[in-house]
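There are two complexes below, and they share subunit A, which is joined by subunit B in the first and by subunit C in the second.
Let's look at the complex of A and B:
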């Protein structure tokens, strides 16, 4: 739970040990991050098959997109069906910046990130007055507009064929065309994003988001500016999606109007639901499964949708909080059993 | 207990009218609530009590009329700003943050009074540490008051209904409000829960002004100095509860409610 630790911290009986607990938690979390960094390095060295390593890199990029979706879904409780708009802005930003304007990749991406935040601010001010299905539908509609624009502005976007044939993509000395480097870069960015989101959830703004998601009326009555919190969350989620879109380009090597397809958003939403919206790394777990299962089972893309739809239905029935919930339930059950033993 | 309104009322409404299309929900309601009073708003179902309540705390904008809280006009003010000016309310339904623990619920209640930036929190500035300490003291005080000391780590959603209501009052108390609006706080409570609740409201009342919308006449009779009766969107009478309840128009409204609606 997002602010559980913050809440526990307030426990007066433990107030004396507060700093000790905090330090212990920080140390534990530093170890997690170090382990993840080692795992990233180990994976990059252990796997030599360029296909596997590149796909892993792309999975990390898409996991970043799922995290962006979850800032809205798991954060403030709206369903962002238009989130692929920002993904597309990132992808086209990188492609147009590099291909048409001759900018370095990182400069093009930075511009795209700024653009995505500005766009989110404008869209948010207009659509976030609407909530529930209205916000979802209007934002989805805007992606349709973007798709039409991308298809018809041939001078800029290359039209329906899209943009391709980029110069070698690099960030400073790092060649993203090299599979190992590509994976290491995307995985590191993903790791940093997770650390940031964990800190965000524990912050007062994280608490405000959680209060808005659970009960906007009550949140308002304790002084939370609900519209502002929603807008800030939306503006925060946009650059994550844009970065994901840009980082997908070295893998896809082409950007077409299809990036604005709602299918993209739905893939991201499925990842969030698979892994669980109330766990920061839930969407990452979901993204990994989303990539691994079709590969392992060698599924046809059409069958894939069928399989995932069925899985989602099962998850909604038996673990509505996402798959990690099963782990939590198991832990609780085992924990309770040991408590009972003790009390006997 | 004074029956007449005070010189300087804390909550003051003048000629409140609210129309939804062709339906007039409220038609010319005025009231004055003085400082330190526990004021009841009663009336049959559909009389417009809840609409009046939502207008008084700024959630619903009236078609016409003015509302002053502690001397300032609040029409058109966003609800979160009204909340930050020392007004707290509880809700009839969904009164708590169900997915969070009792402690986290109280933490959410602090939002209005939390002003520390990222830097102050990271380096642990003096004012932050002091506020943190004051906050912990306040949490303990409120947990004891609402009788949830032992339940602090339980999820609010699994608590019994009456207990959730007490927690809702605890959330509202976190900002140390001068004015509290309680929306049917005793609805659905059993006799014992209601008695506990009345004791709780009495305990927190000193130094605050409290407005209650309520169906349960026992609650109104035991808590309120004065009560306003609203029937069909119109104010009928403001008086001490035992006078109000024997008022002929009120009796007709309650007993004849089936025919009217």
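Let's look at the complex of A and C:
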């Protein structure tokens, strides 16, 4: 099964290279990106309700976190229950940088991003030799350690009460306290992240990640350095999560040890699984569903967790690739039926 | 000296409670081959079943076995409806996500039914203490210790002496070989899953009077369970017991002599050290390729 996957993947790559319609594809994708940019601008101008626009901005920030989770889940095939560690590093980095050190927001965020990559390198070297449940458990455990540390190191983190009361957050001339600007900034960053990840998935490194996920033994046998690819993917996922954490601060206005709670990772994981792990924009679709549907139906947060967890169980039982797989299966089935009809 | 002895006894009592949770986890991992992230939810269900029964006026000592029965029924239904179907899929992290989502759903359900606030469970042992050569133990803790030791011994004897128990051991060692020698492997897996969650339910019912019950009580139990199981070696039952006692005693010593607020991080420190220097755990076997 896995070997065949490998084969089809190689075939697809070869076919893509031989067709020579790269220019057409690039043009089509440029149109997609332009449409998305127009949609972002239109949304920012069309909606004036500050609550809706701020929530949309926060959703974009959280979708970035879901993308980070999906680099690990959809990329190398591990379940990163500890990804909120980097989310927390970003949030605390921004908060401590601004509140305690008086740095501008963007400088604080940059430092937090660098820190998250360094941390990911250290943690990755230790934990990535583990696979499956072991990796998930240990990475989850490390967030527990981070939460204890954030609660106890009161001089730096403000202890259990957390950090709050920041000066108005701005990136250069852009005031993030203004809902429209906040949304435009987070949505633009999200769009750039998606473009980057699409390019990444097409690169040789993306193919290497695919091979590591589908069959690490086979990947090693054809010369892929499995440990190195896993570590690189982990280090790559960390700054996305940290950036998401930092961009969430203008919305939450407070950073407490709770950012390291597994509940954050769960939200991100649900988004990824709802949208489908094998689609680059899957997590974004999931994030939109995860925020919009409960908002529209006015659901209690616990009902939301209950409903979405149950949906996840059903998806994993019947369509492990995510909801869009159902659509694909339906299309295949309908397609086959029409073929059958024709042959009859 | 007295303080040290008291601390060690506290640690052993704590460890006995951890052992029951961890043995259930390791049993499910060894036989069914999944890391049961819903274990904490079954722990909480044991506590809540005990609360429901005792608040209806039932004696605590009757309520504990009945709570275990409730958890057994829920566990068997879960196995039948969800675990069995999701486990044999080709996606190797499927079982992990499914059990995790199950746990989330159960916790959310408990919050919706009982509310997020802690609820008390009263035990007839109350706050009474026992004194034994200068060391104090509350009667409830002594009861927990006694029950845990009894259950663990019974499980050990059952695995060693009964035919079913030997079949369970056989499946753990080599599921395919067990299948070829005529053992009904799916039934043994069901049995192991139900036994494992029953242990979690028992631990929940036993610990309810000393910790009060709340919907997210399972998280800390799950985390402790996993630290113990990794420390002892995943799938190894003696390893789980040894790991539980080690972590219990280490936690008690750390709390007394170093710092209470940093104690939750200690278990993970031990786990990371274990994984760095002895990845298969203290008594675990070198991992075969299994997901």
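In the analysis below, the second predicted complex is superposed on the first by the 305 of 344 C-alpha atoms of A that agree within 3 Å, B and C clash if a C-alpha of one lies under 4 Å from a C-alpha of the other, contacts with A are read in each partner's own complex, and residues count from 1 in each chain.
Convention: a contact is a pair of C-beta atoms (placed from the backbone, for glycine too) under 8 Å apart; a residue touches a chain by one contact, two chains touch by 3 or more.
This one's a predicted model, so the numbers in the text were calculated from it and none came from an experiment.
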Query raised in the report: A:331 contacts which: subunit B (first), subunit C (second), both, neither?
Result: neither
Query raised in the report: Does the superposition put A:136 against subunit B (first), subunit C (second), both, or neither?
Result: second
Report task. May I ask you to name which of subunit B and subunit C touches more residues of subunit A? Result -> C
Requested in this report: Would you sort A:22 into first (subunit B), second (subunit C), both or neither based on which partner it touches?
Outcome: neither
Query raised in the report: Which partner does A:220 contact after superposing on A: first (subunit B), second (subunit C), both, neither?
Result: first
Report summary line: Overlap of the subunit B and subunit C interfaces on subunit A comprises residues 1
Query raised in the report: Where on subunit B does subunit A make contact in their complex?
Result: 57, 59, 78-81, 83-84, 88-91, 94-101, 103-104, 107-114, 116, 118, 121, 135-137, 139-140, 152-153, 171-172, 174-175
Query raised in the report: Okay, in this complex, where on subunit A does subunit C touch?
Result: 1, 73, 77-79, 81, 126-127, 129-130, 132-134, 136-138, 140-142, 144-145, 148-149, 151-152, 262, 266, 269-270, 273, 300, 302-303, 305-306, 309-310, 312-313, 316-317, 320
Report task. Write out the stretch or stretches of subunit A touching subunit B in their complex. Result -> 1, 3-4, 6-8, 10-12, 15, 203-204, 207-208, 210-211, 214-215, 217-226
Report summary line: subunit A partner, complex, touching residues on subunit C are 29, 34-35, 82, 85-86, 89-94, 96-98, 100-102, 104-105, 107-109, 111-112, 219, 223, 226-227, 230, 234, 261-262, 264-265, 267-269, 271-272, 275-276, 279, 291
